[in-house]
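Presented sequentially are two complexes of chain A, the first with chain B as partner and the second with chain C.
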Partner chain A sequence: MTVIDTPAAPTPSKKPAKRIGARVRAQRKEAIALVIPALLPIIVFSAIPLISGVALGFTDATLARNAETNFVGLDNFVALGGDTRFWGSFGIGLVWAGSVAGLTLISAMGLALLLNSDLKLKSLTRILALIPWAMPPVVIAIVWRMIYNPNSGPLNGTLEFFGIPGVNWLGDFSTALPAVIVVGVWSGIPQTTVLLLAGMQSIAPEQHEAAAVDGAGAVRRFWHVTLPALRPVIIAVTALDFIWQFNSFGLIYVLTEGGPGGQTMIPPLFTYLEAFRNREIGYASAMGNVLVLAILVILSVYLVNQFRQNRKVRA
Partner chain B sequence: MKRFRGIGAIALAGVAALALAGCQQGSASGGGGEGDGPITLEFQSLSDQPTTQAAVKEIVDQWNTDNPDVQVSIVQGGWDGAYDKLITQFTGGTAPDIIHFEASSIVSFAQDGYLADLNDLVAPDLKSDISQGIWDSVTQDGKIIAYPSTLQSYMVFANADLLAQAGVEVPSGDSMTWDQFEEIAKATTTPEHYGVGWGLKSPTATVMSMALGFDGGFFEGGGADASIDVGDGELAVPGRIHDMAYADKSIDPTSLTQSGSDVLASFYGGKVAMTVQGSFQATNMAKDAPEGLNWVALPPIAGTAGAVQAANPQTYSINVDSPHVQESADFLNFFMSGDNLAKIAYADALIPSSGEARAAVEKLAGDDQAWKQVLASGEGLEGPPFLKVSKYQEWKDTVATPALQQYLADQISKDQLATQLTDGWADVNG
Partner chain C sequence: MIARRPRYATVLMYAVLAAYLVFLGFPLLWLLSASFKSSRELNSLSVNLIPIEWDFSNYANALDRQNLVTAFGNSMLVAIVTMIVAVLLSMPMAYALARLKGRLRAAGTVWILISQVFPTILIIIPLFLVLRSLQLNDTLFGLILVYVTFTMPFTLWMLQGYVAAIPPELEEAAEMDGAGRFTILRTVILPLLAPGLVATAMFTFVSAWNEFFLALVLLQSPELYTLPIALRSFLGAEGQTQLGPLAAGAILATIPSLVIFGILQKKLTGGMLAGAVKG
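Moving on, here comes the complex of A and B:
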């Protein structure tokens, strides 16, 4: 739409305005005609489902045959407020998304620094680092379920080789969530690494040289040159990781199905159960709405905080 | 400007209409039933063992040869995720005509009005040949919602060599008490292997079924008014499993978090002396067990109320929106006839619902030791109270399964388990 606005801006006097106006109108028509084909799929496949999903949250819709759907106002949200199981799941979701986003950033930073340094076979290692990205979440989950298998998995096999008793990784209450988080981090690293690597390569080498001449070691150069330059990338990547992980479904569904005893029941799984096991699609949509709002709130707090700091730095 | 908006709106409406039309395609019985040509019935079968698939195909081929006007095409599905698949199919209007599932899970589709009432469609001979108790398990609000086909019981399979090594005789009698089972488990537990591997990743079905052996019915009444009562009888089975795992240390606690087939691998590998499995695993063992593994089926486990387990039959239902309900019922009457049902039950190592089929299976089974026990365990199958309860499925998935998982992982006490099960029901049904 910005394309349309720009030529409309210079309208100094009334008389020429009409002439230019005709041209502008023609240009607008052209622009609209060009935009509509691109916009249609977005409206049909994104906007309409999104709006109907939000609207469902205010109804008592179920999946029954020819079910009557009534508008129930905020009833679903009131009921949700007192639903301790949902909020328990919400807490697990925050732990999951927060730790995956945080740990992914740390590991990806290490990997990106490694790939950015002048190693031999640089192109090969860069391609290798991307492999988890090329795997669908379900495949990743199945592979890791095999790795974690308490009886025949290679992880326990290695531990037992060194005389350490094996652990029932995905079945034990204390290890299930950490084990799942490790898989989340593993699958998230490549994407974050690539973005951080791109950010690092955009830092002018002169800055590093200057710092080195001033006597800064590798650690100080990382802390005072690389990190500040990467800051916008880090903020964007972590925020995106957090949203993606908070909404991730396939990985945990295949790994644990929310078990054992609900230890890994993240909100999307919980919502899925409500929608398709209990067939309460209205209530489940209300949960979805709450999740979207929660993510918006968490992110806005984070972003506002960042902007404020940026302004302070500039001032 | 206006004109363009109009064009945009028309284009939008066109795309939306196209998308909606796309969704409509492929609804029940996709093969055109309007014309004079033969009609095609879609039959979604979940039988996933190769021998059973072959048996189902044989029966369907026979029908297709005999009835050129009504052709049946098999849509092969699997038990994993079957519920999710069906709910999507029903909601999207693409469910097949004939639906294979099991009684406790199909109930919710009946409640939502998706299944045809079969009261007047079931062949009279077949109706009288299946016990009323089994018909009750597929009756919802006076409507018969499915043909009950085969039933599963939980059985103990043992590694006879490991039992002999521990100096334990393979029990013979008609049934084996829980105390006997616990003693054998203790006797066969050694530093190298556990007495029992029990795949209880999804513990609810097993617990609800075996609790009947202690008169543990869990629910009173039916429909939306059902009430729950978790007492000694209900807690006996989880309590005994828990004590075997953590007091006797005769059940491998890892196995309690695994699926039945995962534990079967440990059993094959000689890491456990016994394993509790659905009777259908007898087929897999006959096929897959490593050479030299000397396995036997033990007599059914009996509680204080006898060797009673829940009758939760596999079912064949008809989609109420199918344009060919009558034809589908004709096919199912043929499919369920004595010899055909016997073929399927025999291939699956399950107990057939009708008397005629049971007689035929007994003949097929001959002197086979495992089959003798499968059929013996079939004697104690009773219609369980939970099949009458509207919100059972919801309670099972969101309350009972996590609570039992916690108890069997030794995370909560028996009292906490009882409280969670009871309060959870109030939440779900409230």
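Moving on, here comes the complex of A and C:
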């Protein structure tokens, strides 16, 4: 029961019990009226699709018209277990999301430290640092395609200036995944920096001063004061970054469409093609289920591990 | 108290800061410069940021493409309606989340977290079927409904943070005077919430304006394409792409989001987090 905590108004009444009952009922009605407008679209366009998405994974549904849909039990999952292309894509997804989350954390930490220091040009940097956040993912992908372009991009232009042969960054098997990871990091830096900066600014300056009095240099202060204090923020940020990147779609779809030869075929892209190009939505939903499960397992292992270490640090 | 930093360290820090600035700022600068370059220059291996010969026709060319202008209009319509509807629908629930205790609050928070974990790809398939059965697939109205739903975890979370920052005593005073819940909401909460509402609305606009995946799946007719989808179809096969007009179109697509982020800059690096994190 949801109760609005209001001070108990001393109401002089002959039948107090009945009045309170009416009041609670009125409050319940209020609460329902407040929640319904937002809840309705959530149920129709989020909760129901979510449940039917999970259910679809156990059927042989296709997008073809007039096709019959049958319950097939675990058939999709058994087939998926032996689908090497899916697991290859899954591995690429792990490398992609893990690298982007890790490298974003390191780059954002560096930037946040600089922004938290006494340097000039900080406000300019703060504004510039928001650019990747504001740009639509499609535009980000278009710009980086231009930068990576083997025949007219500034990257190869610079290499040529130094007499180094150019590289087909997004088209070469060995460079395509690292190249898209750089773009992922670039677009992820702003949010992570803002969150880390907020965490840094909540550390009391006295802590740093006390450490300085004890003779700790900048590096040791970072290691023994800043880092432990930021630990909860770091855990939350990397977990969120990992999830977002593992589920991301637009950036890589426009950059490489999963190519060359599937080198950047992250799972959401693979699933999308299965659902809307091969029209096998039952099988694609089963993939979606596996992805959700994988994220939950990875996330809980990570979080449990981190919190256990946290307790050890505190102890 | 803290010992002065040696000079070389300060120089090093500025060098690293400059490297960050180049890394973060260069792509937008390159896009801007490409939008003013001639196609001859665009197709050569050049590294100059300032065009050798300025070509302003790219913007005219981009706007000449009927589908890009239509897409701009579609995106504007979708983003503005999404923004208004999402904020209007979220406000009462955000108030409830911030003020009511107990199960509702817990359930709301859990749902907001869950919505972050589930990949859109799992929801998009049945969502496509739901919209098809409502005959709303391939319509801007359907897309708006989906956007409203998908931006709601965020708007709810932000707004409830702003509501929580308003002291409950103000409402209690109004309640003593005999005001009902909706009168309180309108006369006490709404005016105090205005700055938070504006910030939330702007964020909602940007996320609808920038969105790509849902629009890609739900829209099939080219005349309904939003700007990101139109730009992507512009890209076409490598070599045939007209880079100049594409860059110009991409710049035009970035301006609204960039302006809003500029306005929200202060909130982004400070207040918003304090407001949103504090539950």
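Convention: the second predicted complex is superposed on the first by the 285 of 315 C-alpha atoms of A that agree within 3 Å, B and C clash if a C-alpha of one lies under 4 Å from a C-alpha of the other, contacts with A are read in each partner's own complex, and residues count from 1 in each chain.
One rule holds for everything that comes next: a contact is a pair of C-beta atoms (placed from the backbone, for glycine too) under 8 Å apart; a residue touches a chain by one contact, two chains touch by 3 or more.
Since this is a predicted model, take the numbers as computed values, not measurements.
Undergrad: Based on the superposed arrangement, let me know which partner A:271 touches: chain B (first), chain C (second), both, or neither?
TA: After superposition on chain A, A:271 lies in contact with chain C alone.
Undergrad: Could you look at A:259 and tell me whether it touches chain B, chain C, both or neither (first, second, both, neither)?
TA: first
Undergrad: Does chain B (first) or chain C (second) touch A:142, or do both, or does neither?
TA: After superposition on chain A, A:142 lies in contact with chain C alone.
Undergrad: Tell me which partner A:44 touches in the superposition: chain B (first), chain C (second), both or neither.
TA: both
Undergrad: Answer with first, second, both or neither: which of chain B and chain C does A:56 touch in the superposed model?
TA: second
Undergrad: Under the stated touch criterion, which partner chain does A:163 make contact with: chain B (first), chain C (second), both, or neither?
TA: Neither chain B nor chain C is touched by A:163.
Undergrad: Which partner, chain B or chain C, touches the larger number of chain A residues?
TA: Residues of chain A touched, chain B against chain C: more for C.
Undergrad: Would you sort A:33 into first (chain B), second (chain C), both or neither based on which partner it touches?
TA: both
Undergrad: Between chain B and chain C, whom does A:151 touch in the aligned arrangement: first, second, both, or neither?
TA: The answer is both, since A:151 touches chain B and chain C.
Undergrad: Applying the touch criterion given at the start, work out whether A:85 contacts chain B, chain C, both or neither, answering first, second, both or neither.
TA: first
Undergrad: Name the residues of chain A shared by its contacts with chain B and its contacts with chain C.
TA: Residues 33, 44, 48, 151-152, 276 of chain A touch both chain B and chain C.
Undergrad: Looking at the complex, which residues from chain C come into contact with chain A?
TA: By the definition above, chain C touches chain A via 1-3, 5, 9-10, 13-14, 16-17, 20-21, 23-28, 30-31, 34, 42-47, 88-90, 92-93, 95-96, 99-105, 111, 115-127, 129-130, 145-146, 148-150, 152, 156, 172, 175-176, 181, 206, 209-210, 212-213, 216-217, 227-228, 231-232, 235, 243, 246-247, 250, 253-254, 257-258, 260-262, 265, 268-270, 273-274, 277.
Undergrad: Over in the complex, which chain B residues touch chain A? Could you list them?
TA: Those in contact with chain A are residues 1, 4, 7-8, 11-12, 15-16, 19, 83-84, 87-88, 90-91, 108, 111-114, 201, 253-254, 256-258, 262, 265-266, 271, 320-321, 393-394, 397-398, 401-403, 405-406, 409, 411, 427.
Undergrad: Okay, in this complex, where on chain A does chain B touch?
TA: Touch list, chain A to chain B: 25, 28-29, 32-33, 36, 40, 43-44, 48, 62-67, 85, 149-152, 168, 170-173, 259-262, 265, 273, 276-279.
Undergrad: Could you list, by residue number, the parts of chain A that touch chain C in their complex?
TA: These residues of chain A touch chain C: 1-7, 9, 30-31, 33-35, 37-39, 41-42, 44-46, 48-50, 52-54, 56, 110-111, 114, 117, 119, 121, 124-140, 142-147, 151-154, 156-158, 160-161, 166, 186, 189, 194-195, 197-198, 208-209, 212-213, 217-218, 240, 243-244, 246-247, 249-250, 253-254, 267-268, 271-272, 275-276, 281, 284-285, 288-289, 291-292, 295-296, 299.
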